[in-house]
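Each of the next two complexes has chain A plus one more chain, namely chain B in the first and chain C in the second.
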Partner chain A sequence: MKKLTHLLAGLALALGITPAIAQDGPLRIEITEGVIEPLPFAIPVFIAENAAAQEYAAQLSQVVAADLAGTGLFRQISPDSFISTVSNFDAPVQYADWKAINAQALITGAVSVAEGGRVNVKFRLFDVFSEAPLGDGLQLGGTTTSWRRIAHKVADQVYSRITGEGGYFDSRVVFVHEEGPKNARQKRLAVMDYDGANVQYLTNSASIVLAPRFSPTGDRVIYTSYETGFPKIYVMDVGTVQRRILEDQPGTMTFAPRFAPDGQTVVFSLERGGNTDIYRYSPGGTTQALTNAPSIETAPSYSPDGTQIVFESDRSGTQQLYKMPANGGEPTRISFGEGRYGTPVWSPRGDLIAFTKQHQGRFHIGVMRTDGSEERLLTASFLDEGPTWSPNGRVIMFTRSGSGAGGESALYSVDISGRNLKRVPTPGAASDPAWSPLLP
Partner chain B sequence: MNKILVKSGLIALAVAVSACTDPGRFGNGAGGDGTVGADAYDPNNPASNPNSPAYFSQRVGDRVLFAVDQSTLSPEAQQTLTAQAQWLNTNSSYSAIVEGHADEQGTREYNLALGARRANAVQEYLISQGVAGSRLRTVSYGKERPIEVCSTEACYSQNRRSVTVLSAGAGS
Partner chain C sequence: MIRAAAISLAAVGPAAAEVPAPIRAEMIPVAQCWNVGSLSPVAALTSVTVAFSLSRDGKVVTDSLKMTAWDGTSEAAALEAYEAARRAILRCSQDGFDLPAEQYDAWKHIEMTFDPRRMEVS
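Take a look at the complex of A and B:
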């Protein structure tokens, strides 16, 4: 159990700034300035317990492996190097064989498909160097069409047990699918699994749509559409794809909506007479102004406890970040670095605020503490903008756009440590991602 | 329906003249285009009719440009807008939507708000020149509809614009 503690501590730290894990011998932690050495794991192909399970067993274990390796915190050991084969889910683990190939974690699983199309997956996680299981075995079930979700849930369990953090693989991303050149771009709302699978379109390309956001339960999306010729806020039920305009929207344009943690209240920007302020819509109640200034106030985002709102304003002369009580009141400026700051988003953990920064012709995604201290820039490019948090507050997804006539937009993700920057697969150009909460 | 017809007419004309790098819906070229001939009315050239929408977009000039992150009207912009107001005052059967646009150097939400500032500055100027406010509406496209697609100031300066888009009808 002592080594297990090391394993947990090692990974917990690995999610932070600069520690590294030595991969030889028993686990130990080494703080270095270098790159984290990802934790090696072995995942033998899950055992198919009946014939109908054959096609799912291999795919399930592949998705679990891809989820874990995709974090940059884990490294999959090639099955070619395996000494042991696992043909019986309940057989004792040959720890020596896994130690010999330096697997620090071992994931075993078994899949069965019952009549009527229900998939059942059992899995176990082992800390090889402690020669002990890490947590209990677990069984997950679902329809055959939801097999990817089952795989993501297994991976979330593994991630969670080893890092001590919540998982994020069983989640979705709503985004804007883009087609056409910059000066005639068509946009459609779409939703997909966090890893780019199962893309589904939610709107056609008849109207410009912008910046969709999930409700706190992930069943609805709120977004801006030019359906009427003017930007207005709509709410869509993701399951039925039924949409309705948000009632009670005075002013010329309304945009940049986000749900409050209660899932009913909406905070957004309203423009009237050229001036943009932040308003709050309460269902059954009224729409009321939370700011009242001649400057631009936009891009509001609630703290996870719903007591505060962070937003951007150019009241100082340039775009900067401010926070204020959720009922309005005197804003406090929190960004003080060089350049312009926009699109602040409060982390679901409550500890950080992600933002877009513009400085000397470059764009960055960054994070800061909620009082504005400890600013860290995670990316740099011609145009990075619009961060959204993974459900566990460890990964940020955003839009990266290229320059010039051929410059397309794409979705990227990056750790809050600034590591593991990668493109998120989408069927074409894409922008404005918003991450769902972890699915139930 | 009338509105759509008028817009289609504008686009067709812009293609025929082919002086614009982008004959799109979002602005049909600045005023003073040398390719249009004499002022005499030519039934084959709608822009020669001073009361036509084509004349408004091409000869009067349907757009004005803005400095980076600004919504103040330059002397040139005021000159164009004074002429726009004169045209609108003469042709009272038209109303207009003033579109505000921004270049791509900015975040999406901020640029929407910035475009709204620009559209509003134009609307206020037109009203100050006697155009009834009930004939004017504003909308911002932020950075969603650039007219030029390069990523240099040559294009950005053209994209930071307002476009006064005519529609048939005297407004609300």
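Take a look at the complex of A and C:
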């Protein structure tokens, strides 16, 4: 537990001094000291309301608990310490028993499986010390094969009710699965739940694939493939795995694509005659250059309102970040710190830009305001790169690679506070993660 | 300064009994229960003022808790910050605050401002 201390030392505890007699109005106290610790919560195993629900009840509550604890903002209280048992979803809560073990939030749930394989989950969230429900109870349903999604949705609700911001658990990540040594690495596109479960491969390993990105609705993925021998952009329907080439101008290479918020327009890099600029592909098939410079312009990313694009360019002599109007126009440089900056990504909240920074032989994932101010580095390692934002803008996932010929790539995530750095489980080496929006 | 004056008065004679020790903020310890870790970034930039009443045994009258003011970017963030403040008050007052009963009028109504913007991690 980290203790927070007042900037103006000594003032905090003195502020309560007040005449004890003949006082007008309330006693006024200012609190500028607090603690940062995971909020302890209790989640008794959800009640199985029929025999078929037995196998799901325990797993559902485990996934909900793992989602919450995995944020670093919550701490699961061991069921071994529970005083109360919850055997009836509608029974009154024994608040004193939960207070005694310092549970600040209590999550109760019940699961039933109907004929035909439909899972129904109802849950309630309680603020233990207020002795009151936190929001209304909620019921969610789905097929037995989607039980993990139901659990993620429950966790999203709990997260949202306690923190006041949207959740991110019911989401997916597209990434590049890697096999083999660095000098002969095979790469396949894959998608998985945000927590590494339910991995599905979208392509085989016949050709190199790079930099997949979800569409704003999460139903399509845009990526770069070398299957023609040159980098070209493809769009794939995630459900059917059908794909098509986006743009094929002979004699050019296209890469680093990203959807605009409208889900139709695509911004990407196009190399022609040794020069790389940023282009826009619009619905209807028209392609328009947004930059025209002898330097390398790449890694474009839209602001969430679609009005601006941030990208990297070496026009100043070193790789730096710039932003420009979505229709093109004079770019404004926004990175001015020491080192080189790349792969900028606008946050879904619109307030921050995540980036990769290389400085003094180390790589960092960082964030800055959209005007380049308040730069903060969140990580440092031999090679960290390619940030992607969680749907709520609270967490960043990225690629971390080890040194040497055998150095594997893996996916990591970190809270934007810089806390809770952790590896994301994948079936093997992995790189280039891109987070989906929250699933419908 | 007020505290020093009270001690001085106590030393000069009978009148000292009429000047009880002042109520100090540490007699109502809430900071140790104020967990700002789960606040969203925007709520962490919002100060809230919470008014509440205490019963004579130093326990919070739960129904009296209410947000009376906030300073930040949105009401949603203020409500979130208020919930964290409310939890802190309720957690730390479980056993009742240890306050002098003879001065009940001085502490029966409290207005507590929680300002996360003025904190730093030590």
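Everything that follows uses one rule, which is that the second predicted complex is superposed on the first by the 399 of 440 C-alpha atoms of A that agree within 3 Å, B and C clash if a C-alpha of one lies under 4 Å from a C-alpha of the other, contacts with A are read in each partner's own complex, and residues count from 1 in each chain.
Everything that follows uses one rule, which is that a residue touches a chain if its C-beta (ideal position, glycine included) is under 8 Å from a C-beta of that chain, and two chains touch if they have at least 3 such contacts.
Treat the numbers as computed from the prediction; the structure is a model and nothing was measured.
Q: Between chain B and chain C, whom does A:208 touch in the aligned arrangement: first, second, both, or neither?
A: In the superposed model, A:208 contacts chain B only, not chain C.
Q: State whether A:283 touches chain B only (first), chain C only (second), both chains, or neither.
A: So A:283 meets neither chain B nor chain C here.
Q: Looking at the overlay, does A:37 come into contact with chain B only (first), chain C only (second), both, or neither?
A: A:37 contacts chain C only, not chain B.
Q: May I ask you to decide whether A:185 touches chain B, chain C, both, or neither, giving the answer as first, second, both or neither?
A: So A:185 only meets chain B here.
Q: In the overlay, answer first, second, both or neither for which of chain B and chain C A:104 touches.
A: The answer is second: A:104 touches chain C but not chain B.
Q: Figure out whether A:74 sits in contact with chain B (first) or chain C (second), or with both, or with neither.
A: The second partner, chain C, only.
Q: Between chain B (first) and chain C (second), which does A:394 come into contact with in this model arrangement: first, second, both, or neither?
A: After superposition on chain A, A:394 lies in contact with chain C alone.
Q: Examine A:127 and indicate which partner it touches, taking first as chain B and second as chain C; both and neither are also allowed.
A: second
Q: Check chain A for residues that touch chain B in one structure and chain C in the other, and list them.
A: Looking at chain A, the two contact sets are disjoint.
Q: Applying the document's contact rule, which stretches of chain A touch chain B when the two form their complex?
A: So the residues of chain A in touch with chain B come to 181-185, 208, 210-211, 229-231, 252-253, 255-256, 269, 271, 273-276, 296, 298-299, 312, 314, 319, 342-343, 356, 358, 361, 382-383, 385-386, 401, 403-405, 407, 432.
Q: Taking the complex as given, what residues does chain A use to touch chain C?
A: Residue list for chain A touching chain C: 2-8, 12-21, 23, 25-39, 73-74, 99, 104, 127, 129-131, 162-165, 394, 416-417.
Q: Where on chain C is chain A touching in the complex?
A: Going by the criterion above, the answer is residues 2-3, 19-28, 30-43, 51, 62, 76-77, 79-80, 83, 85-88, 90-91, 94, 100, 103, 105-107, 109-116, 118-122.
Q: Mind listing the chain B positions that touch chain A in their complex?
A: Those in contact with chain A are residues 22, 24, 26, 71, 97, 104-110, 112-114, 116-117, 119-121, 123-124, 137-141, 144-151.
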